[in-house]
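Heads up, the next two complexes both have chain A, just with different partners, chain B and then chain C.
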Partner chain A sequence: MTKYIVRRLLQAIPVVFLISVVCFFLMLLAPGGPQAQFNQNRFVTQDQVNAWLQHWCLVRNPGPLDMLKEYGGWLGVWNCHAGSLLSDQNLPNFLPGFLGGGDNGMLHGDWGISIYLNQPVADVILGRLPVTMLLMTTAWIIWLTLALLLGVMAAVKRYSIFDQIVTFFSYTFYSLPTFWLGLMLIYIFAVSLHWFPSQLIQSPRISPGPFASSVWWTAFWTNPGKYGWDVAMHLVLPVTTLVAVSVAGDSRFVRSAMLESLNQDYVRTARAKGLGERRVIFRHAFRNALLPIITNGALEVAFLFSGAIVTETIFSLQGMGYLFIQGLQAHDYFLLMGIVFIGAILVVVFNLVADVLYAVADPRIRYD
Partner chain B sequence: MSTVVDLEGVSPITEGRAVGSPPPPDVLLDVRGLKTHFHVMDGTVPAVDGVDFQLKRGETLGLVGESGCGKSVTSLTIMRLIDIPPGEIVAGEIWFDGQEILSLPMAEMRRIRGSDMSMIFQEPMTSLNPVFTVGDQIAEAVKAHRHVSKKEARNRAVEMLTAVGIPSPERRVKQYPHELSGGMRQRIMIAMALSCDPKLIIADEPTTALDVTIQAQILELIKSMQERTGAALLLITHDLAVVAETVQRMAVMYAGKIVETGTAQEVLLNPKHPYTQGLITSIPSNVPRGQRLNVIRGTVPNPFRMPRGCRFEPRCPFAFEPCQEFDPPLLTTDRDRRAACWLLYPPSELPRPGATTPDALAPAAPVARERVNKQ
Partner chain C sequence: MTSRIELPLGVEASVQSTGPGPERSDDVEVALKSLGQWQLAWKRFLRHRMALVGLAVFSAIALIAIIGPIVAPYNPIDIPGAKEQGGDPPTLQHIFGTDDAGRDVFTNIINGAHISLAVGLFSTLIAGVIGVIVGALAGAAGGFTDNVLMRIVDVTFAVPLLFLILVAAVFFGQGSVISLILVFGLLQWGLIARLVRAQFLSLRETDFVEAARAVGVSNLRITFRHILPNALGPVIVVMTLLMASNIVLEAFVSFLNFGIAATEPTWGNALSNSQGAMGDGNWWWAFFPGMCIALTVISINFIGDGLHDALDPRARL
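Coming up: the complex of A and B.
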């Protein structure tokens, strides 16, 4: 198994590389650029804009070679300030720093500087990570729990009133767009009923500092109930938005997996042994239904990551998704690449997790 | 959760209903006028439509018939493993070991299943749960009925594997079904079925899915285990050779009804019912090489539109006047020998055309009270 995991991780390297190539070039091909922020500023001259672009190792309207250079700079193969593939020590730039290589680019662990925020991308993302992680983890747990509960119960009681109700709401929620649902939730539960806050991860009035910063944690430990509750209340609407559509689809998936499992011969064997219905359903049928669900559940993490972009934007949560939208509007290539990179790694890692879990759950699957 | 998921199940027939009197104590299983129907989209399928037979303690009975005649549904109804809905046990009584089991609550039926009455299924490849070891699955059956520790159940599993002739059982108990061959898996199923010393073993086509070379071994094993434990055996098959070799008595089923019963020897050597006669003459080995094989012409009736009279009438070479209109009840022709055919009735007892209640139906008709199911 260890061998398998190592092999899969090695295979992931070209995958992530290809993803980064495609994303980078697509971004550069999009019209406009970060210099657009100066368009309305009549005090800035074209020369100043060009100098500013050069500072970021970018050019106006890049051709294919320029794009390659820019990508090489981001990757760490191209030494942009010297304009060559060699580092300042006249050795290949991609070598590690201690071997005389350069110090720019992903290969050297440098995620670059955000053009829009003028801060290191790694620091910016790290600051925004906690909100996204909290949102995603909460949503993932609720998502899985609800999908499993509703799906299994609908399958066990198929064609019952309960099943019909679940089916009805599944199709209803499945056909709702996330952004519309989020806005409706805000309108009903925040604006009209005042039950939940409509934006941010904590109330500014009681906030001791940015969420999950050291100041915040210090305050949190003095009064976990107060700060914890505040964050929980802020999470209700975003998590509901993120989860509703997906639960609708996945409860159907669980239902069909469970139905298929319940119709298998071994379930009849279990009944013929004189086992109780509870044991037949939850030990014999559910255990087998779990196999396709595991794969699905792990891959949902990647789906949640993209869902977070919309949800965080609607609810002004200062997480990575909101950051991504801000970066997109500002053509902040390096920030966007950083976030895309994290997304790519999430997908690859959770694919692997799914495959490993699958082998653990199903004795028929062996990887070596 | 229990508010939504009803885990107890519902008895197919209203509990506490009036039932007939129990059969004599030497009769282990007495099926009377059993009717199991399935309600599907296109209508109702009378899969089992008035089945009567008895099985004495320690006796072996073969239930024979072609695919779709209701053999398996009969056995599943005895185990009460029919899904309700779409199934419905419309009428009948099943007496097992002095108890009427169709009226038992599910919880009590569960105590009988797997311990006093157990079943070997047709498909050993899919009847074992792929994610548990075979040892766990046998031990689970033991633990369901006996108050034993995990270790004792485990030991019993090893013991049963030895009994069904699996080499190095200590190692095999830890294996998963996919690591075993079809024949091995059927042995596991037999071990599981016999782990609680049942009084009745129902074997539903236990060799159909197996390699021909393995079939004889498995049959031999079932027979020897049955003799050793003194259990009664209900063997369901479409293979007359299997019946001839394995059982004492046999019952032939056609389109949901039993058409002939008797000792295996009598029925096979001297079939009374035209259907049984057709079955036996269509065995290929009876026909000289180069000659056309004998067949029963026509096909099984459409279950949605069963013939009004005898169900074999459209295919029967001897069909005559009463057959189209009246369904012949089983007639006892000899001691323990019964067949359902108007040919066997004396002419004076034949129902007259147009009669609403034929006289002949009155004495031999099964005492079946139609009841309304709860579901």
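Coming up: the complex of A and C.
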């Protein structure tokens, strides 16, 4: 199993490398660039813009060679400040720092500096990660529980009123645009009823500092109830938005997996043996229906990550999805690369988790 | 005198007797007409009630998209000024209300319909054509070609696609409908290519392909006459669902102001403009465009559901 995991991770390296190439060149090839923010500013001269770009190791209207250099700088192969493939120690730049290589680029663990925020990309992302993680984990747990409950019950009571209601709602919610659902929830529950807040992750009035920063944690431990409750209230609408759409699709999925399992011979055998219905459903049918559900559940983490873009934008949550949108608006190459890179790693890891869990849950599957 | 006999699978027969009575059996002519795959599929589709409703609703929306702008009650860019600040709620004159500039929301929806539908349809067609070509090439050629093509597909699956689409839309979209269609289409063919390739791999092993090969049919003919038509069923279903999701995607990208230029009256732009109005309680401004998107998507999804049942070759009539 360990060998399998290592092999899979090694196979993922070229794919992640290719996606970084595609994404970087996509951004470089497009007209405009981060210098567009100076377009309307008549106090900034062209020379100043060029110097500013050079500070970021970028050039205006890059040719193919310039693009390669810029990408090499991001990756860590190109020593941009010396303008060569060699590091300051005159050794190949891609070598690790202690072997005389450079210190810039992903290969050396340097994610670059955000053009828009003028802070290291890794720090910015780490600061925004807690909100996204909290949002995604909460949504993921609720979503999985609900999908399982609704799907299994709909399958067991097939064609009943309950089944038809679940079917109707899942078709409807599945077709609703997520962001529009979010807007409607804001209108109903925040604007009209004043039940839940519609913006941010905590109320500015009682907020001790940015969410999950050290200041925040210190304040949190003095009064967990107050700060926890505040964050929980702010999570209700975003999580509902995120969950509603995914549950709609996945309760159908659970239902069909469960139905297939209920039609198998071993379920009939279990019933024939005289086992109780509850035992037949949960010990025999459900355990076998779990296989496709587990795979699907792990794969949907990547889907939730893109769902975070939608919900964080609508509810102004300072997470990674919102950061991504801000980076897009500012044409911030390095920030965008950092977030896409995290997305790629999430996909690789959870694809692997899905396959490993599959083998754990199904003893017939072996990976060696 | 014509009597019809119910025959089970894909065969229609009519019995015409020329003589005066049924006892003159030697004068009875039996004409058998077998139904083609597509006729059978159409018959199965007609049995799917929700799909028919979906088709009717979608046709109505498509009709509105085409002739709507001609018969729309107001000029979409006519700005008479709203009576109330932030737009008037729905009244008999403006059944969906007006936005803050006093533009009729209903008129804007009608004028935006063709853009939404065009983005959904054409981006899906581009993705479909590229996907079928690449998938068929990979499935039919196998070996090195297959490997290279599938690694390219892997790359588009290596990140949540929304990220890549947003990057491409922001950097290349520039507010034009055609570039948005291209961005969607060129980034989404991977799924269809995978599907077509999988179909090719499984159909290649079937008996009828084996039989065709045994009687000496050329590889080219086997690919185009025997495998491709059978592989198309699932592709059409997936393309239907893709079209629905692309309509939502267009609205979302425009909602973020990264899509079609804000001056165009698209559904996404209508929602984008309304984002601030929601806080003031002007719900109609966002509600109706969103409902239109939802209605379109639901009807397309039901059509897809019907097609799924209809195009399944194992299904009986």
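Throughout what follows, the second predicted complex is superposed on the first by the 368 of 368 C-alpha atoms of A that agree within 3 Å, B and C clash if a C-alpha of one lies under 4 Å from a C-alpha of the other, contacts with A are read in each partner's own complex, and residues count from 1 in each chain.
We take it that contacts are C-beta pairs under 8 Å (C-beta built on N, C-alpha and C of every residue); 3 or more make two chains touch, one makes a residue touch a chain.
This structure is a prediction, so every number in the text was calculated from the model and none was measured.
Asks: Taking chain A as the common reference for superposition, should the pair chain B and chain C be classed as clashing or as fitting?
Replies: Aligned through their shared chain, the two binders fit side by side on chain A.
Asks: Taking the superposition on A as described, I'd like to know which of chain B and chain C A:Val16 touches: first, second, both or neither.
Replies: second
Asks: First (chain B), second (chain C), both or neither: which does A:Arg268 touch?
Replies: In the superposition, A:Arg268 contacts chain B only.
Asks: After the fit on chain A, how big is the angle at chain A between chain B and chain C, using C-alpha centres and going to the nearest 10 degrees?
Replies: 60
Asks: If we overlay the two complexes on their shared chain A, which of chain B and chain C does A:Met184 touch? Say first, second, both or neither.
Replies: second
Asks: Which partner does A:Arg252 reach: the first (chain B), the second (chain C), both, or neither?
Replies: A:Arg252 contacts neither chain B nor chain C.
Asks: Between chain B and chain C, pick out the one touching the greater number of residues of chain A.
Replies: Counted on chain A, the partner with more touching residues turns out to be C.
Asks: Minimum C-alpha distance between chain B and chain C after superposition, to be given in whole Å.
Replies: So the smallest C-alpha to C-alpha spacing between these two chains is 12 Å.
Asks: Which chain A residues are contacted by chain C in one complex and by chain B in the other?
Replies: Touching chain B in the first complex and chain C in the second, no residue of chain A appears in both lists.
Asks: Help me check something: in the complex, which residues belonging to chain A touch chain B?
Replies: Per the touch definition, chain A meets chain B at residues 149, 153, 156-157, 162, 264-266, 268-278, 281, 284, 287-288, 361-364.
Asks: For chain B, which residues count as touching chain A in their complex?
Replies: 1, 4-9, 79, 81, 106, 110-115, 118-119, 121, 123, 126-132, 140-141, 144-145, 176, 178, 189, 192
Asks: Of all residues in chain A, which touch chain C in the complex?
Replies: Spelled out, the residues of chain A in touch with chain C are 14-16, 18-19, 22-23, 26-27, 29-32, 171-172, 174-180, 183-184, 186-187, 191-192, 198, 302-303, 305-306, 309-310, 313-314, 324-325, 328-329, 331, 336, 339-340, 343-344, 346-348.
Asks: Within their complex, state which residues of chain C touch chain A.
Replies: For this pair, the touching residues of chain C are 151, 154-155, 157-164, 166-168, 170-172, 174, 244, 248, 251-252, 255-256, 258, 271, 274-275, 278-279, 281, 283, 286-287, 290, 293-294, 297-298, 301-302.
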